[in-house]
Amino acid sequence: MLLTKLETVRKRSEALIQPLEPDDLSLQGMADASPPKWHLAHTTWFFETFLLQPHLEGHQSCDPRWSYQFNSYYEAVGKRYPRPERGLLSRPGIAAILDWRHSVDEGLRRLLEKPSLELIQLVELGLQHEQQHQELLLMDLLDGFSRQPLEPCYDTKADLTTSVEKRRWLSCAEGLVKIGHGGKGFHFDNESPRHRVWLDCFELQSDLVTNGDYEQFIADGGYQRPELWMSEGWSCCQRNGWQAPRYWRGACEEFTLAGRRPREQRSPVRHVSWFEADAFARWRDARLPSEAEWEHARCIHNKDLRHAHGALWQWTSTPYRPYPGFTTAPGAIGEYNGKFMSSQFVLRGSCWMTPTGHERDTYRNFFPPASRWMGSGIRLAR
Amino acid sequence: MLLTKLETVRKRSEALIQPLEPDDLSLQGMADASPPKWHLAHTTWFFETFLLQPHLEGHQSCDPRWSYQFNSYYEAVGKRYPRPERGLLSRPGIAAILDWRHSVDEGLRRLLEKPSLELIQLVELGLQHEQQHQELLLMDLLDGFSRQPLEPCYDTKADLTTSVEKRRWLSCAEGLVKIGHGGKGFHFDNESPRHRVWLDCFELQSDLVTNGDYEQFIADGGYQRPELWMSEGWSCCQRNGWQAPRYWRGACEEFTLAGRRPREQRSPVRHVSWFEADAFARWRDARLPSEAEWEHARCIHNKDLRHAHGALWQWTSTPYRPYPGFTTAPGAIGEYNGKFMSSQFVLRGSCWMTPTGHERDTYRNFFPPASRWMGSGIRLAR
Amino acid sequence: MLLTKLETVRKRSEALIQPLEPDDLSLQGMADASPPKWHLAHTTWFFETFLLQPHLEGHQSCDPRWSYQFNSYYEAVGKRYPRPERGLLSRPGIAAILDWRHSVDEGLRRLLEKPSLELIQLVELGLQHEQQHQELLLMDLLDGFSRQPLEPCYDTKADLTTSVEKRRWLSCAEGLVKIGHGGKGFHFDNESPRHRVWLDCFELQSDLVTNGDYEQFIADGGYQRPELWMSEGWSCCQRNGWQAPRYWRGACEEFTLAGRRPREQRSPVRHVSWFEADAFARWRDARLPSEAEWEHARCIHNKDLRHAHGALWQWTSTPYRPYPGFTTAPGAIGEYNGKFMSSQFVLRGSCWMTPTGHERDTYRNFFPPASRWMGSGIRLAR
Amino acid sequence: MLLTKLETVRKRSEALIQPLEPDDLSLQGMADASPPKWHLAHTTWFFETFLLQPHLEGHQSCDPRWSYQFNSYYEAVGKRYPRPERGLLSRPGIAAILDWRHSVDEGLRRLLEKPSLELIQLVELGLQHEQQHQELLLMDLLDGFSRQPLEPCYDTKADLTTSVEKRRWLSCAEGLVKIGHGGKGFHFDNESPRHRVWLDCFELQSDLVTNGDYEQFIADGGYQRPELWMSEGWSCCQRNGWQAPRYWRGACEEFTLAGRRPREQRSPVRHVSWFEADAFARWRDARLPSEAEWEHARCIHNKDLRHAHGALWQWTSTPYRPYPGFTTAPGAIGEYNGKFMSSQFVLRGSCWMTPTGHERDTYRNFFPPASRWMGSGIRLAR
């Protein structure tokens, strides 16, 4: 079954570049993003470095310069090519990278003939990692395409199309609750340990904030009223000239993976930073939920919490920090999540670019408060 | 009694510049710091703007350009002179600023002849504000002096001199505790509401980390081992070439308000960033306490928590965010604390530069994780 | 004949990308460079904008967004896509650009059926312009390749291979000489008017400075001795950590269009900035020639001035400024050269990447003194 | 006589700070400028370093940290305190600097009891150097004051007050002329050797461009028309938002050393960059004169060239480069002028801030083309 999943996930990465022109494969729109080709190579590097090199007898390592190029941030593995310049890596060409993918896949198949539990867990991590990069690939591509006058369309079917229904407030009583992953299935280290948190009573909206709502915020001077903003967010806004969500275009359009399209009033507003989400909530006399509130409400209200998954990640009010008792794995794998626990905020749920099956109610996504190229949206609490 | 306190606090500000040469009064060592003269003017602007202008009949407002120059960050009051250029404000001269101080003091005395409760509270806020700036003045001066080849001495008695005793771990049982200010005395808005927090059992060290401890961290490669650091902290370290706390000089000295002095092994280590405090704790197989842990342990163990106040602010693991139910005052005063609640960490306690009587167990000081020019130290938890 | 030249020149541009992988076509190593694909598009835009649009009846203009993307710096034509981000233009793809080239070529052929003198001159300018971009394409590619760990080879035959012979000093007597282009053939506006210049007697070296010479400069502390440098050059050196010419690698190799290769002692040193050339000359108790000296010596000594053309551009001591009486053409074409006459130095001759037939003794190439990605070398004067 | 001059010049420097408040003495408005106190110290350092230390027996050198602080750019003397941070040097205080000045003056008097020719020349250089810094002190102060909301007045008599009369074109015939200093009196190394230059016939305006002229340039879209500008100048303009000369304020005022004052239509326009002067000239179908033209016209037309001195430095079209045969003195003194001969333009004449007696027809002042805080103006040629 793991072999099947391996094949499915690995093939999907390659399917993602099918709609692209060769010229798009090295596109890196900004320092925070990576080219499609790099994502394909890096996920392969991950398997080669953490699976094949230490565990597959007779494995021939790749050129160390490839390892240098395709290591993302693992200090324990060695130095890395500077992230903001990944778009300059015209070599290896895509053909060589696809060959590498296939030979690593072959190695993995050999390795999984009689796998130990440790290996199974590592492969599972590698696949979850690759799924994360599938979402990153799409986010990064949207960013890269958005910078071009020709406004390329990635795929007419790749856009989010959903509507928000009439919203109501879902109540939760105060109490000592448990959050975090406590079961046996796969989860990232940052989702555990499961632990107790005290929650005062609160309410969460049953659905997301819409484009229509957000237009009212703008019309009411949302981007001109410093009193609605964190000081840091206000500076960020001024410095970057923000007047609307990242991909809004003109009065009634937005840029998407399906090219420029009409902006639907009833669709959830997306590609907003934490600063914008926070300011919007304040304007509405509401606030963002804490991640514990989100997780607990999801547990209590389940499907009544619409668009919990599959539409947009939802900003929480919670800075990304370790859960009480959090520990990291030894070695490079321990760098996966733990070292990013400062100056970021947690997002909960998942988005339309998240691969199916990758979402989890305990999932902790995280981004700096000024980021807005990912599939982020707003759910209000009070 | 308020009049007495007014006089005492206001005079102390002026006393702080007595040891200075006239040339020091405009010194601004970096964008985050302000010149001594500016602190004297800004605290006066605060009283004039929030007390005299709205409440003192017949009050003649100051030159609007002064208001422009000496407003710190209150958007609701109007535009401000750029903060990084405060050192360029050679005018008004110190004599004019002292005259202004005295005329504002006179206005306050008139205003306080029959004060309403609102006025009493505003004056109290103004005095607490001025005390904060007294500490800032000293911090900023230390920074400005530290940049000069001549290593000026502010005052031979102005340095922290204390030693850490044998430390032990103080235990606290798990439980639902209350933190935050709930009483009647003065407190900043960010200290309330008092609210419940669940704490797992934990231990806190009875005293602070010393210079000797920190030297071991350095000797053990503390600044060369990325696995000890947050990723953001490691970058910060590399970019700025950090190899030791901010004011260490050579193998056994440090720069202080009393000039360059021998570094005592048993004195608490100071002027470290949150990133360094966090890395040090990780190296020690410990962690920083949360602010709730700090406040609760202080409540339980009281004097056994040595140097809780008066030595160094103590970094906590808690990002600076509002307490549940937090609200800000309407108008400009609401900008006092609430708009800074992103990308900063809470420090607890107080330091040797904090004016006597200004400290409180519920006090929430906050700085970005890379800051290290304030009187910050480390207390470990586990 | 013009049609033949048109075909030859236009085809050569396309031939230049034959050795590339598709992934290389969007490679932009730095803000000053452009991707190969962009050069192919821009040279086509030039013909379309200045020839077909105003002169070919019934010509269908290209998408205005293409014009926006592929205008380099002609303010009179309209706004332009930001130069440092040309590498982000993954669209149009190379196939669309080649189609555009061919349709513009077809338009040019139609236009040249019965051409006016003005059209002939414009086409000639367009071809000279395209030849300049052929050289730029190679320079920019060398830069882009040089930034990659895999050190790609463009073409094993694309490197400069020549040796410097025994050098001697060629003398020129003092006198009033004429320089600049005065004849009928094609020349850029900046080469005229031909005008008188007084020259004191001087000597010019018969050949270029070699790698071997330059190694001695380095060994003698050339990069550590500020007294050899212009102050601006010394800062530039320190800021960028220059220790050798741009593409030297290790003790005895250099990076070239043919990949990493051994560095020949007797080959001319290349890819040096004006600052380095100037410092080297000072170290040798010599100086760089003025452009008038270069041109006059070339006239007097002709072939004795070895490597005047076809090896490396030769830095002169002359800032790039207009000749007395210089005028620009009206309209956008007037922006070709005239607006760049500040903060640059003139280089004379031509280099191995310069297309055959493009060189001229009166040619004035120009670059800022810190640039060193072009084919620049050193010839000494005294 | 040298002793008298010494006393006069040295006293004038101190007289220049008389109108200042103590708070002004450390004012550094930008990285290119220096605080008044620093100028007083640096000129003293110059005498101490180049006169007293090597030549006065028994001289006690100053604290090496003072030397570190007050060395401007002499690499041969050692490392220097970073220029952009001179405003942070609150110590030594002004009293200590004035004491130092007087003790160095005393040393100079002792040294000049029986001076060698070399010493006399060095003292003369030191005095000329100090005069340069007197002008710099005023320029820098104007910059520093201009940044303050209170718009301080340095001295009501310190402003330029002169009017331009009816202008005419002064003609000069073509010919081989000599320029540069050839006589015996003091001159800087960069003014020699005197050498021949060929000049085509040209005309120079008899007086400077006025505020009124410049207003017409602005009204005619001078700052909106890229075709009038060097490309580098246009970028500079856009980046900095230039819309008028540096110190123009509102529709009809300008900021001066005498505070904000009405702008006289017939006064010469001042505080323009080379880019603006060059664009203005192009708008007028004229050009800037070369420095050889300026010097030759001054020689031929003498007093008919009005405001050659004492009003404003006049931008020339000539990049600052060495005269043919230029050599520098050995050692640190050789760094005085020679190392700045790139990326700057020559200005000729002198300005109202130039100390009387410091001006010379062969004087070569130089600044980068974007600078405009000095006393620069425009004289047209054609």
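We just call them A, B, C and D in the order they show up, numbering each chain from 1.
We adopt the following convention: a residue touches a chain if its C-beta (ideal position, glycine included) is under 8 Å from a C-beta of that chain, and two chains touch if they have at least 3 such contacts.
Everything numeric in this text was worked out from a predicted model, so none of it was measured.
When the partners of subunit A are compared with those of subunit C, no chain appears in both lists. With centres computed as the average of Cα coordinates, no chain lies farther from subunit A than D.
Matching the C-alpha atoms of subunit C with those of subunit D calls for a turn of 180 degrees, to the nearest 5.
Averaged C-alpha coordinates give centres for subunit A and subunit B that are 36 Å from one another. Annotation: 57 Å between the Cα-based centres of subunit B and subunit C. For subunit C, the set of residues that touch two or more other chains is empty. Chain contacts here close into one cycle, and each chain has exactly two touching partners. In this structure, the chains touch in the following pairs: A-B, A-C, B-D, C-D. Listed in rising order, the residues of subunit A touching subunit C in the complex are 21-29, 37, 63, 65, 68-69, 81, 85, 87-94, 144-145, 147-150, 152. Looking at the complex, you find that subunit A touches subunit B at residues 73, 75-76, 176, 195-198, 200, 226-227, 229-234, 274-275, 278, 317-319, 321, 324-325, 334-335, 339-343, 369.
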